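Structures follow.
What follows is a pair of complexes built around subunit A, which joins subunit B in one and subunit C in the other.
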Partner chain A sequence: MTPAPFGARLDDVVVRFGAQRRLTADGTAVKDEAGTALDGVTLDLRPGVITGVLGRNGAGKSTLLTLLAAFNRPTEGTVRVGAGDLLEDPWENPWVTANVQLVRESGDLMDDERVSETFKYYADLRPYWDADLAERLLDTFEVNPRKKPTALSRGKRSAVGATIGLAARAPLTILDEVYLGMDAPTRYAFYDEILADYAEHPRTILLSSHLVEEVERLFEDVVVLHRGKVLLAETAEEMQARGFSLTGPVAAVESLAGGRRELHRQRLGATVQVTLEGAPDGDTAAAARAAGVELGSLPLQDLFVRLTQPQQADGTSGAEVRR
Partner chain B sequence: MFDGPEPIYVQIAQMIRAQVLAGELAEEEQVMSTTQFATTFRINPATAAKAFTGLVEEGVLYKRRGLGMFVAPGARERLLDSHRKAYFDDVLAPALAQADLLGISTDELVAYVLGTDGHRKPGGPTTTTEES
Partner chain C sequence: MTATTVTRAERDTFAARVHARAVRRVARYVGSVTLVIGAVFWGIFLVVTVAVPLIVRQAGGVMGGGAMTGAEYAAPWFALSLGTIALATVVVPHLAAGGTRRSMFVGALVAALVAGVAYGVAAMLLLLVERSLFGALGWEWEQLGSGLDAGDAWLVVSGAGTAIGVAVYMLVGMAAQATYRTNGVWRGTALLLPGLALLVLVDHATRSGAFADALGGLGLVGDQPAGAGLLLALVVLALAAAWLWWQLRVLRLRPTR
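Presenting the complex of A and B:
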């Protein structure tokens, strides 16, 4: 039986790290400023969809995800997780924690025990654990369950983490950079397994990744975090409609581009590919065809890079998003 | 695959329509399931499902409970019909307007279409389902 997928809601969530004392080189103690990981995050995470959580290093992705799994509490604001209208505070809440599976890039494995022992632990912890799926996935990823995680390569440890994430069949499944160290064929196998199992057993999946190009089509919703704030939270379709690309001879592309804001430009000899903000006009398609210019979709990566550019991260132009 | 500027579900629907038009997907033939579609093209299953929903509303596909999606009887004919109408409106009308603008006479156009002006006759439709 497939349980109801979990959704989540965050209201004005702030997470600050405590101020830390440290010794300087001359032996005096100084107090570092408290760091802010999340700074006023208000966000709805729809139940039953795959949501991409994107952001640069230090954007607050992992902090956000640990809040949902009750590995952490907000300094201010509220976090609510649950099914349907029943949303509860996840902190020390057995119902929520049993139904939320967070896999971090570390894999959260018992290093001194065989992989099969870690799986026994999760089988007890997760009400919907599927042992057959776990076995099959390990086979797919070519991991020997009798080995200890310390004897596995980085990529294989990640594969064990991915297996736990999927086999738990948790109503809220959170995969935080689980792909680290996986080679390309393993990553693609991982994506295929996510899609296949999600289609069979619909649930809420949050997936964070820096490999935007590889994963963008898996998403139904996308959240972009930047410096502890939500820059964008919308459907992948809405995000896709924010721009388009033109590829072709330089002069023809320039004239078709008009005055649109350019997100990215790549030049190869006489051919140029530009990614532009906005939608193509009604006659752009015909004009492009006539001029030998290919009209294409917006690579999410280009939008993401533009939105999170450091020189514009002070809230002036780059991070400004037109809604 | 699906690199056009339109939403992916629109492009999937276009692909399936094209396959039905070309006869690659026969009537009453089963189309890939949402899951197969999602894993084959590595896209979110909801995206594939959205394309299928639209095609069911258009009468191109229909759902058999518990079995999956199939090409509807008469789907090809209906697509041919709507594409023929669109051909006159979207393709021929602008071409004729352009010809008018350039001062190309109807006689010249007819001669070109019939191949009586010494040009090689342009490639016509490969199949004619409705003979007049």
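Presenting the complex of A and C:
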């Protein structure tokens, strides 16, 4: 029995942390600042799709994701996770936690044991663990399972985390910046593995990343967080309808752009690419074709940067403009 | 893998099954760490218990008490260290692998009880070995360590005292680890005090260990009947279990970036 892909709902979720000094594994003391990580987040996460969770550093992405896996619980508000009508509080709920796999950048491994021992632990607890897939992925990522995590490079350690995320086959799989330290070939192999496994074993995948250009092709839904609030939560299609790009000779592009709000501009010699807000009308599309200007879809990264940039020229934040 | 809609009954069965598996896994991991490394510990003390009297005899000396008392003092602290390390190793992967804090607690409790019984039995065997060796050497043997008034049942009472003491120390060690994770350095250190009080209490109850010696040295305690002492020790064991659960149930893994 494998349950249907899990979805989630958050209502008015607030998470506050107090200041804390803690010791890391290598014995150094680190101070975590006090603050509000999430501030009134209300959000639906659709089951059965790949959702990109985007935001700048400190936006609250990791905190949001840890709530879904019951690593944390909200200070205020409610979190519900599950399949169909069975949405439940994940905190201390084995039905939910056994069906949700969160992989953090650290990989959450047993540092003093071989990677193979950590995998045995996961295999015992994860009801749908695919040992063959785990073995194949470690081979793909060139990770020796007989090594201890402390003997692995950051990229290899991330690859171990990525392997856990995929091999667990959890109905809700959460990958929180697991790409860190991976080289480009490994990252692209990882993205391909996500898509292949997702196609074969449909489930809900939440993917948090700063490498927006690399991963946007995976997303069916997108959530953008900024300073603990949800700026945007919609399908990738809806998001793409928020703007478009024009690429071609400067004069032609300037003419077509007219008075539209510009999200991004990039110039290379006589060619310019501008990203504009809104959808192109039929006349614009025809004029672009006639002028030899290429009409493209909205790059998610441009929208993301625009939404989360601290201050606009007119004194308003990106978030205020959007709202 | 075909995704299906799950009924409430199926959900409950699934949850019970994964909980049981998680408990077994924690118990197996923490238990095996404490038993395997504990076997080395007791093996070393077996060698010491036998070798020291033979060396003393070879040198023409006579011993008033055996070396085994060192194990009785060291075993609980050894268990505390192992408990701290084992929980530090397993707690985050356990939660990441879908285990709950409750399954962590139950598994850790089972492991502590198993380790306590195993260490208690090992202590009894070493006491017997030491007494036999002293007899063979023609020396008079006197048990050091436990001060419970047990009469003929001294061996069982010693073993039981060691077992309960080891389990309490181990649970307190694990609780300290969980405390630091949730509360950080300063509050975590302050919250060591309740655990420390439990260690003092169990030493006092079993009349063994460094704290019992310290209290005895201050003239604060006298002899105690074995039954009453072990009963009090069991109450402390229950309190130590409650203290570990209290720390684990609020354990939060805060994002670290």
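Note that the second predicted complex is superposed on the first by the 295 of 323 C-alpha atoms of A that agree within 3 Å, B and C clash if a C-alpha of one lies under 4 Å from a C-alpha of the other, contacts with A are read in each partner's own complex, and residues count from 1 in each chain.
Here is the rule we use: a residue touches a chain if its C-beta (ideal position, glycine included) is under 8 Å from a C-beta of that chain, and two chains touch if they have at least 3 such contacts.
Just so we're clear, the structure is a prediction, and the values are computed from it rather than from any experiment.
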| query | When the two structures are superposed on subunit A, do subunit B and subunit C clash or fit side by side? | reply | fit
| message | Touch test for A:T97: subunit B only (first), subunit C only (second), both, or neither? | response | second
| request: Using the superposition on chain A described above, determine whether A:Y122 touches subunit B (first), subunit C (second), both, or neither. | output: second
| query | Touching A:A252, do we find subunit B (first), subunit C (second), both, or neither? | reply | neither
| query | With both structures placed on chain A, which of the two partners, subunit B or subunit C, ends up touching more residues of subunit A? | reply | C
| said: Is A:E113 touching anything from subunit B or subunit C once the two structures are fitted on A? First, second, both or neither. | reply: second
| Is A:T66 in contact with subunit B, with subunit C, with both, or with neither (first, second, both, neither)? | second
| query | After lining up the shared chain so the two structures overlap, which partner does A:R22 touch, if you call subunit B first and subunit C second: first, second, both or neither? | reply | second
| message | One more residue to check, A:P5. First (subunit B), second (subunit C), both or neither? | response | second
| query | Thinking of the overlay built on chain A, is A:P280 touched by subunit B (first), by subunit C (second), by both, or by neither? | reply | first
| said: To be precise, I mean the smallest distance between any C-alpha of subunit B and any C-alpha of subunit C in the superposed model; what is it in Å? | reply: 15
| task | Would you tell me which residues of subunit A are touching subunit B in their complex? | result | 49-50, 188, 191-192, 195-196, 198-200, 217-220, 236-237, 240-241, 244-245, 280, 285, 295-298
| query | Which of the residues in subunit C end up touching subunit A in this complex? | reply | 1-6, 8, 10-12, 14-16, 18-19, 21-22, 24-25, 29, 89-90, 92-103, 180-181, 183-186, 249, 252-257
| remark: Within the complex, subunit C is touched by subunit A residues 1-5, 17, 20-23, 29-30, 32, 37, 57, 62-63, 66, 69-73, 83-84, 86, 92-95, 97-106, 108-113, 118, 121-122, 124-128, 164, 169-171, 177, 201-203
| Interfacial residue positions of subunit B with respect to subunit A in the complex | 2-9, 34-35, 38-39, 41-47
